[in-house]
Every structure is written in C-alpha cells, then in structure tokens.
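Both of the next two complexes hold subunit A, though its partner changes from subunit B to subunit C.
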Partner chain A sequence: MIEEINKYLSEQMKKVNELYCLIITDRDGVPIIKILNEKCPETSMKQPIFLSTFSTASDQASKLGLGKNESILCIYKNYQILQVNYFPFIIRYIASHKVNTGHMYTLHDHIKPVIEELKLSIGQSIVQ
Partner chain B sequence: MVYANRVNTNEGVGVLLADNHGLCLSTAGDVDPKSSGIISAIAQHVSKLEPSSSTPVICISGDQGKILIKQGSNVTTAIFKPDTQSGS
Partner chain C sequence: MGCCFSWCREQSDPEEIGDSERRTLIHPDNPNTSIQTSPPTLANIEPLSPAQSKKNDEQSDLHRILQNTLTKVIDISSQGCNNLEHNEYIERMNIYKGKLNVAPLPHILRHEECLLVDMPTPATCFCDIGDYILINNASEKAELALKNVKVEHTNDLVVPFMIP
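Entry: the complex of A and B
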C-alpha cells in the first residue's frame, strides 16, 4: 500500500513546478513517507531538529488566539517550506522560493484523500 | 469594488484575483478561492509559450462555461462565465 501511495504522490508532485520534496512524518518528526528529487536540500533530511521543530512552532502559533494552527509557510532566500498539521501526521513540502505557493496548497488539497487512507491504516498505531 | 458590483448583477459569473505566488487576493461571485493556485500556475505556464510578447488572455472552455485568465504584472485575474450567460 505504501508503494502505491508513494507512486501516486510522486506523480502529483510533478505537477507543481520547483517542488523538491514531500515528507509525511509523525508528530515527532519521524518520516513515514519521503519523496524527494535531487534538488532537495540535504540539511532538511540530515538535521532531525528540522523535522521536529514544526510541532513546537505550531503549538505556539495555536496560542495566538486565532484557533488551532493548521499550516506554517516559511519563505527563505532560496526555499519555501510549507508545513501542514494533519493529525496525526505533519506534511512538509520543500520547494524553490519561486514555487507557486497557491499551487502547492492546491496539491495538498488533492492528496488529502490519500493521506486519509494512510491515516486509516497506520494512523491508529501512531496515536497510540 | 467595481468588479464585485458587476458580478452581483450577473448570476453565475465569478471573478478571482490572485497574486504572483498563486495566493487568492479577492473573489466575487461564484468562485472557489482555492482555485487561485491553479489559475496563477496556468497563467505562468502559458506566458512561457511566447516570452517575448505581452501576456496573453487565456480562455478555457468547458461544458459548463468559460474561464478567462489574464496575468498582469502583479495580479492574475480570472473571470468565470457560465454558458447560460448572454451578453455583458
């Protein structure tokens, strides 16, 4: 099943120009699905803190009085990183700074049903 | 806004404005703001067909109507027009 999801996500990823990688992790930053191309920055893979910082940032952002934080978009000089809270997963999109942000958000909406399937199959074990 | 008043008088018509990042700036009428990313991406792709000329007006025809897209310097505008619409 994971292979099928991988294949589907890889196809979907190609639709967004300059999108380098898509990572689905649990709340601690442990990767469950990782799809990347050669342009993906190595630091994002090798530094475990990169994957776990979002949970903390999202929890803090939820305290701003605007309800529960859903996503955080970080724009850097060379990269854009979109991180979405999708309990019990965190979905990360790493792309070039030139990427069409709205298209990346649309991609997220498109892959939601697949993530739901993943949630049904392995989500319970992550929550426990 | 002028376009909002126009849209209000034409049932089914919608207008969407998106920035260069594909983020929705404003909508009026019957439009899903989530389509801003795709609208902007289409405009960016099509403008690459003839980079030397000014950005074209893109017309997408479907069973239920047409979508007209025009990319400006900072804003991409899309007009959603159902087939039943006449004139204006």
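Entry: the complex of A and C
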C-alpha cells in the first residue's frame, strides 16, 4: 500500500510548484510517510530535532489565548515550512519561500481524505 | 529567520478537545484518570492522623498549583531536547512501515479512472432508461451529422490579391 500512497502524494505534490517535501510524522517527529525531491534541504532530514519541535511549539502557542493552534507557518530566507497538526499525525510541507502559501493549504485540504483513512487504519498504532 | 505566523482556531468543537495535544494524562476533572479511588470499605479505611491529612491537603494543593502553572505558562525551555533514542526512532519507523504495508488501501486510491472523476461514487448513480435512449439517439444523430459534413467547392481556392 505504501507505494500507492507515495505515488498518489507525489502526484499531488507536483501540483504546487517548488514544493520540495511532504512528511507525515508522529508527534515525536518519527516519519511515517516521507516524499521529497532533490531540492529538499538535507538539513531538514538530518536533524530529527527539527521534526520534533512542532508539537511543543504548537502546544505553547495554544496558550497565547487565541485558541487551539492548528498550523504554524515559518518563512525563512530561502524556504517556507508549513506544519499542520492533524492528530495523531503532524504533516509538514517544505517549499521555496516564493511559493503561494494558499496553494499548500489547498493541497493539504485535497489530501485530507487519504490522511483520514490512514488515521483510521494505522492511527491506533501511532505512539502519542 | 524571517517571520512566523500561526493560525489558530476557536475551540468550539467539543469532540476535538479530547484529541488536543494539551490534554494531560492525569487531569483533576477527568473521571477516566489512572488514579482510581476505590469505594470506602472497612478494610481500606485507615484513620488518618491530623498531621497526615494536613500533609495530603498540602500535597494536593501543590499539585493543583503546579498543574495550573503548567497550563498557563509558556515554556520554551523544553524546545530542542528530543528525548527519543536513536534506536527507538528506527524501531518506530520500522513499526510504521510494517503497519502501512498491511493497512488497506485508502478508498480514494481504489477507484478506477473514469470520466466522472468529480463524483465520489459514480457507480452508484443509476441512469434512467429514458435518459439512456435519449443520449444514445442524440449521439447517433451527432455522429451522422459529422459524417455528412462536406465541403462544397464553389469558388477558386487561390484568390489573387489586387496588387497594383
């Protein structure tokens, strides 16, 4: 099944220009599905700490009094990283800083049915 | 680093509160906590001395204050300390990979390519027999009309411009 999901997500990723990477992880940043192309920055993969900080950051951001935090978008010099909380998963998109952020959110909405089914099938085994 | 933006949502849906990452395992208001209080029986009732009960009250007060502080204070000191061991990391990755391989294929990936891709379940849409005949007749007429299209040659194909 993993090949079909990877293929589907790769095709969907191509709809957003300069989207380099899509990773679905658990709350500790352990990758469940990882799709990346050659432009994806290596440091994002070599530093698992990068993948694990979102849950803490989201947790703390929820205390700001603005409601439950659902996603965090960070824009850097060359890249932008969108991290979305989709319990028990965390979904990350790494793209060029030039990418229209709305396209990434649209892509996220588009792949939600697949993630929802993943949640039903393997969500119970995800370490929380 | 450039700018950072976060999008928050109102906590209006009560079903999602249970899935919140802020949910603590031991919550004073949660009846399903792991600390179960057994009904008082003669066997398990032990007389507490005034000093002991005072100590317990202090402990519970301190615990409550600690919980309140934890939920209110924004603490980023824990950022970056990933306690996950490398072997556990690899082990979890392998577990997820194994689970994914045996999990059923998502429904959205199962359906075959068809013209009605915008419909979630085209197979369930039954066509009325009248509509079927109507469409068949219309398509036959359209096919016939296309076959009968002929170009009638009336004028010269090459017309010289009136160049002086």
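Keep this in mind: the second predicted complex is superposed on the first by the 126 of 128 C-alpha atoms of A that agree within 3 Å, B and C clash if a C-alpha of one lies under 4 Å from a C-alpha of the other, contacts with A are read in each partner's own complex, and residues count from 1 in each chain.
Everything that follows uses one rule, which is that contacts are C-beta pairs under 8 Å (C-beta built on N, C-alpha and C of every residue); 3 or more make two chains touch, one makes a residue touch a chain.
Everything numeric in this text was worked out from a predicted model, so none of it was measured.
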Subunit C versus subunit B on the shared subunit A, clash or fit after superposition: fit
Which superposed partner A:Gly29 touches (first subunit B, second subunit C, both, neither): second
Between subunit B and subunit C, more extensive residue contact with subunit A: C
First, second, both or neither for A:Lys63, with subunit B first and subunit C second: second
Partner chain in contact with A:Asn100 - subunit B first, subunit C second, else both or neither: first
Touched partner set for A:Asp109, first subunit B, second subunit C, both or neither: first
Touching partner for A:Phe87 - first (subunit B), second (subunit C), both, neither: second
Minimal inter-chain CA distance - subunit C and subunit B, angstrom: 12
Intersection of the subunit A residues that touch subunit B with those that touch subunit C: none
Residues of subunit A touching subunit C in the complex: 1-2, 4-5, 8, 26-33, 48-49, 52-53, 55-64, 66-77, 85, 87-88, 97, 113-114, 117-118, 121-122, 125-127
Subunit B residues touching subunit A - in the complex, by the definition given at the top: 18, 21-24, 34-38, 40-41, 44-45
Subunit A - residues contacting subunit B, complex: 16-17, 100-106, 109
Of all residues in subunit C, those that touch subunit A in their complex: 1-11, 16, 19-22, 71-76, 78-80, 82, 84, 89, 92-93, 95-97, 99-109
